[in-house]
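Provided herewith is a single structure, encoded as structure tokens, for subsequent inquiry.
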Amino acid sequence: MQEIPYTVAVRQDTGLYNAKMGIWLFLASEVMLFGGLFSAYVLLRVGAGEHWPLGATYLNVAIGTFNTFVLMSSSITMLMAWASLKMKNFGHFKMYQGITIALALLFLSVKGYEYSMKFKHHHFPSDNTFLAIYFTLTGIHALHIIGGVVVNSYLWGPGSKMWQAEPERFTNRIEVAGLYWHFVDLVWIFLFSVMYLL
Amino acid sequence: MIADQNSAQKEIRKYLLIFVVLLSLTLMNVFVSRLHLNISLTIIIVLSVAAFEASLVACQLMHLISEEKLIYSFLVLTVIFFVFALFIPLWGIFNPITGSTHVP
Amino acid sequence: MSESHHEHESSFWKKYIFSVDHKIIGLQYGITSLIFLLFGFTIMMLMRWQLAYPEQPLPVIGKIFGENRMPGGIMLPEFYNQLGAMHGTIMVFLGVVPLAVGAFGNYIVPLQIGAPDMAFPKLNMASYWSFFVGGVIMLVSFFVPGGAASSGWTSYPPLSDIATVGQTMWLFGMAFLITSSLLGSVNFIVTIFQLRVKGLTFMRLPFFVWAQLVTSFLLLLAFPPLEAASVMQLMDRLAGTSFFLPSGLLISGQPLANSGGGSVLLWQHLFWFLAHPEVYVLILPAMGIVTEILANNTRKPIGAYKLMVYAIIFLGFMSFIVWAHHMFLTGMGTAISSFFQATTMIISIPSVVILAAFFLTLWGGAIRFTIPMLFALAFLPMFGIGGLTGLPLGLAAADIHLHDTYYVIGHFHYIVAPGTIFALFAGIYYWFPKATGRKMNTLLGHLHFWPSFVCMNLIFMPMFIQGLAGVSRRLYDGGLTYAHAQGALHWNVFISMAVWTLALSQIPFIINLLVSMKCGEKVGDNPWEATTLEWATPTPPPHGNFTRELSVYRGPYEYSVPGASRDFSPQYEEKP
Amino acid sequence: MKKFNTSTCSLIISVILLGVPAYAATIKGVVSYEGEVPNLKPIDMGADAICLSKHGSAVMPQILVLDENKKMANVLVQIVSGLPKQEYPVPTEPVVLTQEGCQYHPHVVGVQVGQTVKVLNPDGTLHNVHALCKVNAEFNLAMPKFRTEMTKVFDKVETMFPIKCDVHPWMAGWVAVLAHPYFNVSQTNGAFEIANVPAGTYELEAWHEKLGTQKASVTVTADETKEVNFTFSRP
């Protein structure tokens, strides 16, 4: 009775293993975090009335669209990584996971480039509440991406040794990391539409 | 879910299909935003397309469609409070004390 | 059963400091939060001197605070505001919540559901250390130039946006505390759902576990919006944005050079979206502890257990949609005020249901007046007074007169001090034998209980009188300069005397806590003859908790079951 | 050894003071006001009984203080260009700013960088000194009636910034933090005097909180006293 049950096995009455319930609860709290930020966005936009700038006035929609494609494809490759583990193909997993991390880093560098362009044109968060909420929202989102990259790289590098010892548990870890990553992509879909397109 | 090889191929083909759908919907959104319709119309269209994309990601990629009842209860609870957190502050702005010069 | 978990001789660090055992982490939380409670209490004693004798030098220790805090031993208004803000922050975020959820939750919940440990042990350790770092940041913020945060524990902008650097440290400290609570709540929910032992269905869960489950949901879903709000306030303070600074804001006559367009109400909505569930996070674990102790010491099952479970779930849900009753005076219209007034009235119903169930349990019980029972019994009327005095504040019309007066201070302190903290004392006396194998001394217990009970009332009852007289809260001189307050000023000296006596009456508790660890009366595994699972473990419970196969056969409070051999039939015994 | 050092230092200082007669020039003058005098409403100190009790008669605002022949007080005159670039010794005795009678005296004051400013509160009521400086660190310190004195040092040069009391809104003062000692505020008779000015041509600037600034250039040789007058009028 020493080892913690249901870390890998699924518990009958809930049908889940611990980590999956844990990640879904964490994602629920993330929904509330971005909920708080979007409620701020809505309040600021309504408060600003008509002189709320269109997204396109400050933001380059083309780069934003490209970034959305990058994140969506990284979401798909993350899924492929998990699928290839399910098919016991460790080589494919390493490849797809590597691509996911690379795409995430690409997303961050494009984001960094966008930020530097803003600062070069002297658009700072303190200019108006649109830029303030833009930098805050995308900044928090970028922090989440960095967190995801750290976890994914650990699972790609040292963490993948667990594949030999406990393949089942390692597959679950990738699934859980995948759920987090899809959520980050889901938030970006809303963020991109709200900030760049409206 | 992925029992053997050929159903695996089917799954992967489904994911790629979803990927293409997501890309096209995003492009459609960009196109709609360039039309410069009146602002509330664009908001409705763009947000509903984004919501559809998000549901695609959630149901298919995150397998929410075949998830346990317990996870649904957590998420329903969260969405209720999300809606409250989003719209009550707004209600506060649109319903000021009458007779006071309340500048939002 | 599973592979033997060899108890490798781990170093002192691994075993006690960086431990992943929920019991060690529980004790770490307990010790740290008790120290913070003591520190928060001493801060308030300092404030009471200033309220009782405004602008008179504090004898003896007045000099040690330095010239920019208490020149010549007399307190400055800035220092008083720092003490006020940090008293609230430390007591709520660093004292009561870590004690109620971190210490009791971590230690007792896995034992009561028959689990070897929490679902994610490493996450559990991370949550303690994030709490610890947050606490250190809060303490250090006293010594930065300009002192600690001084715009109340609610830190409303625009005042908090232009405050000194202490406010920025408060925000960083809060970020760590919020992370700690989030990690903790995920851990608790998964543990309660996933690691219940065979036979322990949801309706056989001890009520303490129910209380911790609902509390964890409150923490999980209510804290993130405050995290978002504190990130925005950090942006306001460091990046010069104007989330919470409306345009055309004048700071003592000078227009602020900011982009404006922000809204002060945005912070208040996001803060109170957390803070109201937070105050329920303070009270629910206390209700859980009192239930355990009442059942055990009346030798009777809890009255209407199922009803209480539905009541606490309904209470948890409702606590998310009442927050704007803290904001009746922010210019809200009649529609939104009446909505929140209605939800506030509705939420008082489940609290009354639970309180009534407690009183029902006393009816016809063979009451044993042990020390934990004394505290639990005192909790009932005190929580009753606290709850009932909240009703006028919940009604928008009455709140106009009572908002931000000492009436509010009396109301919530009645619930938190003689309510929650008495329940936590009861919990310490009740579970101390399980944690150490020794019982706390009864005489010292009485010496601690009776004066504390009397002083609590002497402190908080006059606050209602002051509040009704219109004395506002957070006044540096207790209302000295206000004509309407002159009639209630003498109560300040009275209350301060009671506060210092309350401090004296905590000394027996501190002695008792420290001394009984070594030389308290030795007791067995189930000294209180209780029925829940935590008493099935050896004392003190080893790593991995249960040494034998365990399953649950009946409800949590099967006392005086007709036909049973003893007056209690534990959950874990097949035939009582 | 220690004693020897102190004596040599004092020797050197005295030589400097004696041996430098070139600094003897002074710039004097009078600031006068031209045009019809606006009749200002007296300050209503009713909000604080203690402040009210300090004054027998009505208290006129310090924004425009004229004597009978329309000479202006509260005008800061300083040398703004032409001074050699050098470190000036910081005077040891502090500038005293009192809040006597719930008003700042002096209303306008010049302070050298690093010079201590002593703020007094003899009124027996709560004042709070809120300096709205942008270059120096802004501060907002309470002075309850038991805190009769407080010292502050400004460590950066800054042009005129307001000092306000958040308890009494009518109280207002102005402070300028300057790098050199060549400045003076005109008295009630409008007279100002800048002493020990080294020989050279300088540009003077007279500043008033409402009527703006005026410039004048002046050339002084050693031991000379130059007269420079300014007149302000309503825009």
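Note that the chains are named A, B, C and D in the order they appear, and that numbering of residues resets to 1 at the start of each chain.
Keep this in mind: a contact is a pair of C-beta atoms (placed from the backbone, for glycine too) under 8 Å apart; a residue touches a chain by one contact, two chains touch by 3 or more.
As the structure is a computational prediction, the values presented were derived from the model and not from experiment.
S.K.: Could you see whether A-C or B-C has the larger number of C-beta contact pairs?
M.R.: A-C
S.K.: Can you check how far apart chain B and chain C are, centre to centre, with Cα atoms defining each centre and the answer in Å?
M.R.: Between these chains, centre-to-centre, one finds 37 Å.
S.K.: Once you find the CA centre of chain B and the CA centre of chain D, what distance in Å lies between them?
M.R.: 64
S.K.: Centroid of chain C to centroid of chain D, CA atoms only: how many Å?
M.R.: Using C-alpha averages as centres, the distance is 54 Å.
S.K.: Going through chain A residue by residue, note those that touch at least 2 other chains and give them in order.
M.R.: 14, 16, 21, 25, 28, 32, 35-36, 39, 43, 47
S.K.: Would you pick out the residues of chain D that each touch at least 2 other chains?
M.R.: none
S.K.: What positions in chain B touch 2 or more of the other chains?
M.R.: In chain B, residues 70, 77-78, 81, 85, 89, 93, 104 touch at least two other chains, as defined above.
S.K.: Provide the full list of chain pairs in touch.
M.R.: Pairs of chains that touch one another: A-B, A-C, B-C, C-D.
S.K.: Can you check the complex and tell me which residues of chain D touch chain C?
M.R.: My answer: residues 126, 128, 130, 132, 140-142, 144-147, 162, 164, 166, 169.
S.K.: So in the complex, the part of chain C that touches chain A is made up of which residues?
M.R.: Where chain C meets chain A, its residues are 1-5, 115-117, 119-121, 123, 182, 185-187, 189-190, 193-195, 220-229, 231-232, 235, 239-243, 258-259, 261-263, 265-266, 269-270, 273, 543-550.
S.K.: Can you check the complex and tell me which residues of chain B touch chain C?
M.R.: Those in contact with chain C are residues 70, 77-78, 81, 84-85, 88-89, 91-93, 95-98, 100, 102-104.
S.K.: Quick one: in the complex, what on chain C touches chain D?
M.R.: Touching chain D: residues 55, 71-72, 74, 76-78, 251-254, 481 of chain C.
S.K.: Mind pulling up the chain A residues that touch chain C in the complex?
M.R.: 1-6, 11, 14, 16-18, 21-22, 25-26, 28-30, 32-37, 39-40, 43-44, 47-48, 124-129, 132-133, 135-136, 140
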